[in-house]
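Heads up, the next two complexes both have chain A, just with different partners, chain B and then chain C.
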Partner chain A sequence: MALPLPPGLTPAEIAFMCEMELVTVIPRQRLEGLDLLGGPTPPLNPPYRADLPLWLALLLKRQRRANISPPPWLNPQSLEAILRVETELSNQAFSPPAPLPPSIDPLLPNPAPPFVPSATYDAPADALPYHWLELGEILLEAASDDFETPDQVRRLLRDLREIRMEKLRKGAEVLDAGGGVKMNGVGAMEVGEGRAFITGVIDGLRKIGASKEQAKREREAEERENGFVGTAPEDEDEMEL
Partner chain B sequence: MADISDILASVSHPASPPSTTDLHALTRAYTAERCAPDLLPYPSALMIRTLSRIRQQISTVEDLSASADSGTKSGFKLIVLQTELERWKWLVRGLLRARIAKIDRYPLHILQNQEADLSGEESEYLRAHQALLERHYGGSFLGAFPAALRRLDDTAGGISMVDGPDTDGAVFVRVLRDVGRVVQQSGDEGMEMKKGDVWVVRWSSVKELVARGDVELV
Partner chain C sequence: MYYDIDAILTDAQKVPCQFELNVPGLGYIDGNTGGDLKRGTKVELPLWLGEMLAVSQPTSTGALVTLDLPAALSQRVMNALKADPRTVDLRAQAPHFYALAARMLELFEEEEMVDILTETFKKRSAEIADQAHNPRGALGEGAEFLRGLDETERQLFKSAHESAKSTRSWMADMKKH
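So, the complex of A and B:
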C-alpha cells in the first residue's frame, strides 16, 4: 500500500506533471466547454485557437479532433539560438530560463511550472521551460505531423540534451556540503536524473564533514561565552584528525 | 511583500476559480511530499475540498452515463470527464501512499514528535499497526530477552533506537518569492535566494520557507 518509490519524482511522475502544462490546439471539431475539476475548459470552435492542458490536447489529437500548435521555442530557429547560448555564451550554467510570472493574488503562492503558460502559442521563444525535454518528446511523438520539420527539431533537442547533460556532469566537481548549489535553468527531467547522484554526493560530504562542523560550532559557542571573537588559533583543525 | 508588478497583475488578471487553485495546491503538495525527507503536515482543508469535489464529479459522470443516448458527442465528453477524474484520483492516491511510506519508515519517530501532522485515519493506522507489531515481537522473541532489553525505543548510552528522517538531507527547491539571504550553517555567508532560482540546499534550512509558500520543492 505504501508507495515503493525512492524520494524525488520518477520520470513517469515528471511526465504526469508535464501533462498539466497548457498547450495551444487548433480544433477540427466543435466541442462545448467542459466543467472539469481543475476549472472550465474553453469551448472549441474551429478554426480558433484554444489553450488546453496537454493531457486533453493529446486525447483530442489521438482522436483527430484537433491539431496541436507547437510552442515557439520548439521551432528550429529558436532551438538553434538556445543551443548557441548553451555552447558559446554560458559554458557552465544552463541557458537562462524565462522569469516566473508575477503572482496574481499576493495571498496565494506564486504559480510555478507546470502551471505557468510556457508551451502555448504565445510562450517566450528564447528560453527553455522547466519541462522542455518531456514537452518536446511528447509532442514529437504524438503530434509530429504538426511540426514543419520534425526531424530537425528532434536532432536539435538531442544536441541540447547532450550538452546540458555534460554540464550537469561537470557540475558535480563543484558540489560541496557547506553552501547551497544554484542550478537555475535546470529542467525537470534533468533534476530527476541528477537527483540521486547530486544529493548523494552532498549528503555524503556533509557526513564526512559533520565532526568538523560540530567542532566549529562548539568553538564558536565557547568564544561567545568567553567574550573573545576571532582569536582562536587556526591550527585547532588538527585535533579532528 | 507584494511588489508593483504583482499588484498590477492582480488587477489585470481575473482570479482563477478555487478548483483551479486547488489543483495547483494539490500538485504542489504531491511533489513536496515525494521530495521532502520527513513527513509534512497533512493538508486537511485541501483534502476535504478535493475529496468532496471528486465525489461530486463521480456522481455527475454516473448521471451522464445513465442518461447518455450513446451519441458520440456526449460519449466523448464522458471520456474527458473520466480521464480528468482519474488524474485527480492518481494525485490523491499518490500523496496518501507517499505519506504511508514515510509513516511505515519512521513509525516511532512520528508517534513521538509528529502526531499532530497526521490525519485522523493515519494516526489510527499508525497506532494500530505499531500495537500489533509490538505484540508480535513480544510474543515471538522479545519476551525471551531480559526485561531491560525489551524496549523498542531505548535511548540508553546516548544512542537512540528510534530512527528519524535525515532533516539535513539535500533537496531541490524553486524560489517563488525573493526571500533574501538564507544561511545554512552558522558562520557561512549564506545564499541570496531570488524569485525563479533553483537551488540544492539542506532541507532544514528551507523547511520554514516551504511551509510559508516562499519556496517549493521540485
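So, the complex of A and C:
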C-alpha cells in the first residue's frame, strides 16, 4: 500500500531482462571479442555467425554492423504449428515449453532458462521460450528486414498473444482459494500482465472462504480432541501426530 | 498498521438488529424522541456497533441485541446469484458486498452462502477480465455490468485494465523509437 509501484515488474523491466537472452547474429564487420561483465563475447568474423546478448546485437544492428538471424520458432511455419497446438490440441493448457537439455554434470542441477539459449539459431523450433513475446516484438521492430515475411510473423504473434491471454483469463473460473491454475509454458510478459488480476482473484476468494476455512479447522481440532476421549479413532489420530 | 478505508466503510454498513432489552432514553434512534426503546424493536445499526452489542453480555440473560443478515445477503439475492451471477447489480445491494459478506460469515455459519459467493466471484471475475481487456468495454454493452460491480470487483477491474494498458503502451512506445 505504501509503495507507489504495484508488485511485480513493469513491461519495460521485463523487456530489459529479455535483452540478456542470446541471439545469433551474422556480422558484416570484424570485431574482436569484448570482455564484458557478463563474460567475454565471441570475436566476430564475417560471414560466420556468432551468439551475442540481445542488447549488443541490437546495437550492432542499428549501426549496420550485423544482421540478426531470427530464432527458428519465429518463422511462420513454426508459429502456425504452435498456434494449432494452442487452439486444437490443448483447450486448457498452454503449449509446452521446450524440454530442458540433459545435465552435463550430475552434481549440478539441470541448466534452465535463462541460462539455456532459447533464441539462437539452434533453439528448438516447436516451443515458445519464456521471453517469446517481448523478444518477438523487439526483433520485429528493430530487425524486421531480417525476416522473410515480417507481416505474417507479426500477425501470428498477435494471434498467439490473444488466444493465450484468453486462456489465462479463463483460468480464473477454475481458481480456488487453495488451488491453482497450471501455468507451465506461460511467458514473462504474460505473467507480468496477468499478475495483478490473478492475485486479485485469489485474494478475493480467500477472503470469502475465510470463515469456512476457519470452521473447518475448528471442526478438525474438535474431532481430534474428541478422538482422545473416545475409543476407536484414538490410535489413528496419534499416528497422524 | 494502516487504517484501511474499505474496512472502515464496510463496518459502517447497516445491519438489522433487534433489541432484547428495554433501553431507557434511547427512543430517539427509532423516531421516538425522549421515550424509551422498547424490547423487540428492530433498528438498523452500523455493523461495528451491532456486532459489539450482539457479542457483549451485559446480563446473564443474554445479549443486548440479536443480529440478523442484511437484505443484501438475503435468500432472495442468493437465489438470484445462483441463477445468473452476471446479471445481479451487486453495488445496489451493498457497495462493499463481498467485504460485508465476509464479515457476516464470521458471525453466522452459512456454508451454502460461502459456496454461492465463491462461485459468483469466479464467474464475475472472468467477465471482468474480458471487459478490462477490451478497450471499448467500458463504453459498449458492458457498461451495465460494470456499473453493478462492488468495490472489490472495481479494484480488480482497475488492476486488470492497468496491466493490459501498460503492456499495450510498452509496445506502442517501442514502435516510436
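To be clear about the criterion, the second predicted complex is superposed on the first by the 208 of 241 C-alpha atoms of A that agree within 3 Å, B and C clash if a C-alpha of one lies under 4 Å from a C-alpha of the other, contacts with A are read in each partner's own complex, and residues count from 1 in each chain.
Keep this in mind: a residue touches a chain if its C-beta (ideal position, glycine included) is under 8 Å from a C-beta of that chain, and two chains touch if they have at least 3 such contacts.
Not measured: the values here are computed from a predicted model.
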First (chain B), second (chain C), both or neither touched by A:E220: first
Touching partner for A:E137 - first (chain B), second (chain C), both, neither: second
Touching partner for A:L34 - first (chain B), second (chain C), both, neither: first
Touching partner for A:M17 - first (chain B), second (chain C), both, neither: first
Chain B versus chain C as contact partner of A:A172, first or second or both or neither: second
Partner chain in contact with A:R195 - chain B first, chain C second, else both or neither: both
Touching partner for A:P43 - first (chain B), second (chain C), both, neither: neither
Partner with the higher number of touched chain A residues, chain C or chain B: B
Set of chain A residues, in rising order, touched by both chain B and chain C: 1-2, 195
Chain A residues touching chain C - in the complex, by the definition given at the top: 1-2, 6, 10-12, 15, 137-138, 141, 165, 169-170, 172-175, 177, 189, 192-197, 200-201, 204-205, 207-212, 214-215
In the complex, chain C residues that touch chain A: 2, 98-99, 101-102, 105-106, 109, 111, 114, 117-118, 121-123, 125-126, 129-130, 132-133, 152, 155-156, 159-160, 162-164, 166-167, 169-171, 173-175
Touching residues (chain side chain B, partner chain A) in the complex: 2-3, 5-10, 13, 15-17, 19-21, 23-25, 27-28, 31, 34-37, 53-54, 57, 76-77, 79-81, 83-85, 87-88, 90, 94, 97-98, 100-101, 103-104, 166, 168-172, 174, 176-177, 182, 184-191, 195-202, 205, 213, 216, 218
Chain A to chain B touching residues, read off their complex: 1-5, 7-9, 13, 16-17, 19-20, 31-32, 34, 36-40, 55-56, 59, 63, 65, 97, 99-106, 108-112, 114-115, 178-186, 188, 191, 195, 198-199, 202-203, 206, 213, 216-217, 220
